[in-house]
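Chain lettering (A, B, C and D) follows the sequence in which the chains are written, and residue indices restart at 1 in each chain.
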Amino acid sequence: MSTPSIHGIIGYTITPFTSNGEDIELDALGRSIDRLISGGVHAIAPLGSTGEGAYLSDTEWDQVAEFSISHVAKRVPTIVSVSDLTSANAVRRARFAEAHGADAVMVLPSSYWKLSEQEILQHYQTIGDSISLPIMLYNNPAVSGTDMPVELILRIFDTVENVTMVKESTGDIQRMHKMHLLGEGRVPFYNGCNPLALEAFAAGAVGWCTAAPNLIADLNGALYRAILDNELGSARELFYKQLPLLDFILKGGLPATIKAGLRMTGLEAGDPRLPVSALSEDACLELRALLAKLL
Amino acid sequence: MSTPSIHGIIGYTITPFTSNGEDIELDALGRSIDRLISGGVHAIAPLGSTGEGAYLSDTEWDQVAEFSISHVAKRVPTIVSVSDLTSANAVRRARFAEAHGADAVMVLPSSYWKLSEQEILQHYQTIGDSISLPIMLYNNPAVSGTDMPVELILRIFDTVENVTMVKESTGDIQRMHKMHLLGEGRVPFYNGCNPLALEAFAAGAVGWCTAAPNLIADLNGALYRAILDNELGSARELFYKQLPLLDFILKGGLPATIKAGLRMTGLEAGDPRLPVSALSEDACLELRALLAKLL
Amino acid sequence: MSTPSIHGIIGYTITPFTSNGEDIELDALGRSIDRLISGGVHAIAPLGSTGEGAYLSDTEWDQVAEFSISHVAKRVPTIVSVSDLTSANAVRRARFAEAHGADAVMVLPSSYWKLSEQEILQHYQTIGDSISLPIMLYNNPAVSGTDMPVELILRIFDTVENVTMVKESTGDIQRMHKMHLLGEGRVPFYNGCNPLALEAFAAGAVGWCTAAPNLIADLNGALYRAILDNELGSARELFYKQLPLLDFILKGGLPATIKAGLRMTGLEAGDPRLPVSALSEDACLELRALLAKLL
Amino acid sequence: MSTPSIHGIIGYTITPFTSNGEDIELDALGRSIDRLISGGVHAIAPLGSTGEGAYLSDTEWDQVAEFSISHVAKRVPTIVSVSDLTSANAVRRARFAEAHGADAVMVLPSSYWKLSEQEILQHYQTIGDSISLPIMLYNNPAVSGTDMPVELILRIFDTVENVTMVKESTGDIQRMHKMHLLGEGRVPFYNGCNPLALEAFAAGAVGWCTAAPNLIADLNGALYRAILDNELGSARELFYKQLPLLDFILKGGLPATIKAGLRMTGLEAGDPRLPVSALSEDACLELRALLAKLL
């Protein structure tokens, strides 16, 4: 299967709620998408970890998926996260995304009961068989509870025809080396761990999956261009400049920190759904100071 | 708040599905409950980890909760697991359980984004404020992704009036010692790690939360009675006799192993929901051999 | 090989230094041995972790080994720790201990470079071949950096004729269960993790290797007798009574805490060798309070 | 204190033994040093982990230190690892190295009993006070059992005047970022984890501490030059070319793999001291194949 050219900065959207957390504010979602695109991201990814996809009802999930795809309107590719605990609902979401015009889907093997390697492979196969879109396999044990070793990832890549991209978020750069060596350079890998942005590009990542462009799209893009230009020195400088913010948004939880940052920069998107809390006042002060240095 | 006398063997139910995994078989659920009660369990706990509560739609969850409470019919206390990712839905489930006659609810702090201690406390407080039932706090990082240290558990116990019981499933017996020492003996704790059954009772646990009575209720009960009788020697013997089965059902995943074991012993309850797979043929042979030694 | 009857409370000695840490005070060592024996321990183990064996020169090590064996004078069995980084020196020490009348030796697979299972087995075989004494295999990854899984321990037990005892200090009680089940009850195992004293005995440990009898030999012995008498209730009570002290000496480092406790109870044994520091003043106050409750 | 200009490729020497492992072959050591220097390394480091410093008697250690310093003869700086379990012996070794002309010493906080942060700081202070040479602090929890967090390293760097360099071998690239950010760029850091060579340089490491130049000095040097030339593309290519060998020597244990590789390339240096074994035949075949691709 030929992959659409997904590369560079892949911007993850938040899901805006009304002030009581009950309803979704599609208007704010639209504005946040426009902001990402005008900031220069090379693709848009709704309903990921940042997008609180796991905290939405099915009805809400469908609403956000449909609106996001339609609002991006092919200005850049749209990659919809369709992960769910059951294979049946992940398939339903993948088909929904395809039917509404997504360019690719992303799948994290969410789990409650630990999955065996065979169960994980079967999960990807089932979803892959149900759609014609390319799939970005997503490894993020910190949120999913499932850590896929490189060997398993390559087995899935080689078995499920439309798994054509790998997003690695373990924070272990050696996974990317191993992917490159064992995969003999065939596997396009993407970095999902913000504080590894520089190293992942150094190791050959073709893209950076990140919520940071909601706040500092220019800096994210500049780092990517320095890499394309083979300019290690300025890439390092750009990286260290934005690293304190990258560390902060990861440590504070992306929905809480990005929503707080959007509010500070004029885009009201509400707070995360409880029990995930809004950013504390102290942390807001810290974020404001970090942003002041960069904007 | 006075706790109902919940102690001894607390039997966890599976949730039976039809062969395609789409529908729930209430009749089989009823028979499994009857079997547990006639096996001598001291309480029944539906919709826990074994009960695949996390894999059900809200409608299905309500159906299973209502049926279970009604079918137990106060023969023993019923403890309903009401955990959910959002505080809002956990509250809804807790109220539903109370309205339908549950004796207690159990709450695991499920998470996708890691929760701070304050967020966890607030989650318990919110649920506690919404009902009058006693709450069993449940610590099981392997499935929830959230590990509550003993100090936090005690803080919740001391803050949220109706959190009156603690179920510990980390597999670290020293947590129970610490609970006893720091809690000055005030905190009734329950063991949720099958292979620690003997040690937890030795350490003073008042109950054992387990799916094993679906298969070997007699042996589970005999171990508990040996402890009550202060008979360490026979408790050790009874423990080592059932340990291979306890290890097996934990390692193989409770829904898959218990459902396979029920099928072997004449109660068809279907298979787990995908991507969690039915027990493999080889594992079934092993389970059959283990059961043959015990039944 | 028939094992001498090593069971019950195995008391570990400290190695007393002069106030500048340069020389060894054999007189104080003799008095500490007498105190342990009059406290009722069933065996004496010099030069273990508590005895700072790793911090001694070869000359000093020989001096302490010879003196300890001679001073115990067969009142109880003596088990000498002969561990060293190189197989050659561990062999030298084992032969020295045997030549001077030790009843058994203990071997921890100390490491700098991680050892493979084959290297560990070979190390035990080499030492075993060099002496006729029984060997207590010692697993304590926290100090040795090498964790031997139960399967490896059993392989060594079955391969090296004079490895006849296993001391487990990982703090994971399930290792003992596994030793019992996989070893089909043939392997005498000893507990080296103080806070697991109750559970290890419940699981069937034949002895408790501990430095605690330097301070509270009566309580240690009473717990063991309650177990022999099958009295779970009073064993639990005795265990919880001494647990705060057991936790304290483990957390504070055995050489520092035991030497401070000996000083408080009238036996000056100096301080540990730097960089391991003497117990801080605050910690001394805490230890004094803990002892006051027990003595 | 001004640091000598230690940067680039810092080559670690092995310690050659006679075939029975009993004696040291100084002649082979001299030839291995010459080979490293003619291969272009920017400094030589004897008696490190690769040099089996921990497995030598004091007499042997002195012999190797004296010979190495004298044989390097200031052609490049010599950094002698003086680590030992006791502060007293580490001080003795540091003074010995200084007296014999070392340019710097390296100190790993070796431990048997876990050290507190205060104990570690005091250990460095004691050694620092005893010599006038610059000290390279070395963090390698996999061999030392002690993991120094970045905050502690900075505290030592700011407190002990002659600690002027930091070698990081945890394998976690984010430690280097943190060192750079918290240290405000003042702390020269060196990479001690071979498979992170590319990323560490990308992150700003001033040197790479490695035993690899014993076998592939040209490739190691070429990677460093590509970094100095700001050529990310060719640095990445050079890195992936040598990575399989870097992974292999780390995984197989440096003394065993480097000694086997030296033998294959015409320099007989014996085998490691038992219980560390010589490289197996299968592993030798693998190493030979890896080298054949590179030499």
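The definition used in the following text is that a residue touches a chain if its C-beta (ideal position, glycine included) is under 8 Å from a C-beta of that chain, and two chains touch if they have at least 3 such contacts.
All values derive from a computational prediction rather than experimental measurement.
Listing every chain that touches subunit C and subunit D alike gives an empty result. The minimum number of touch steps linking subunit A to subunit C comes to 2. Judged by contacting C-beta pairs, the busier of the interfaces A-D and A-B is A-B.
Farthest from subunit C in terms of Cα centroid separation is A. Counting the residue numbers that touch the partner chain, subunit B and subunit C have more than half of them in common.
The geometric centre of subunit B is 52 Å away from that of subunit D, both derived from CA atoms.
Inter-chain centre distance (subunit A to subunit D, centres taken as mean C-alpha positions): 39 Å. Here the spacing of subunit A and subunit B, counted between their Cα centres, is 35 Å.
Multi-chain contact residues of subunit B (touching two or more other chains) are absent.
Considering their complex, residues 171, 173-174, 177, 180-181, 195-196, 198-199, 202-204, 227, 230-233, 235-236, 240, 243-244 of subunit A touch subunit D. Subunit B contributes residues 21-22, 49, 54-55, 85-88, 109, 112-116, 118-120, 122-123, 126, 142-143, 145, 253-255, 272-277 to its touches with subunit A in the complex.
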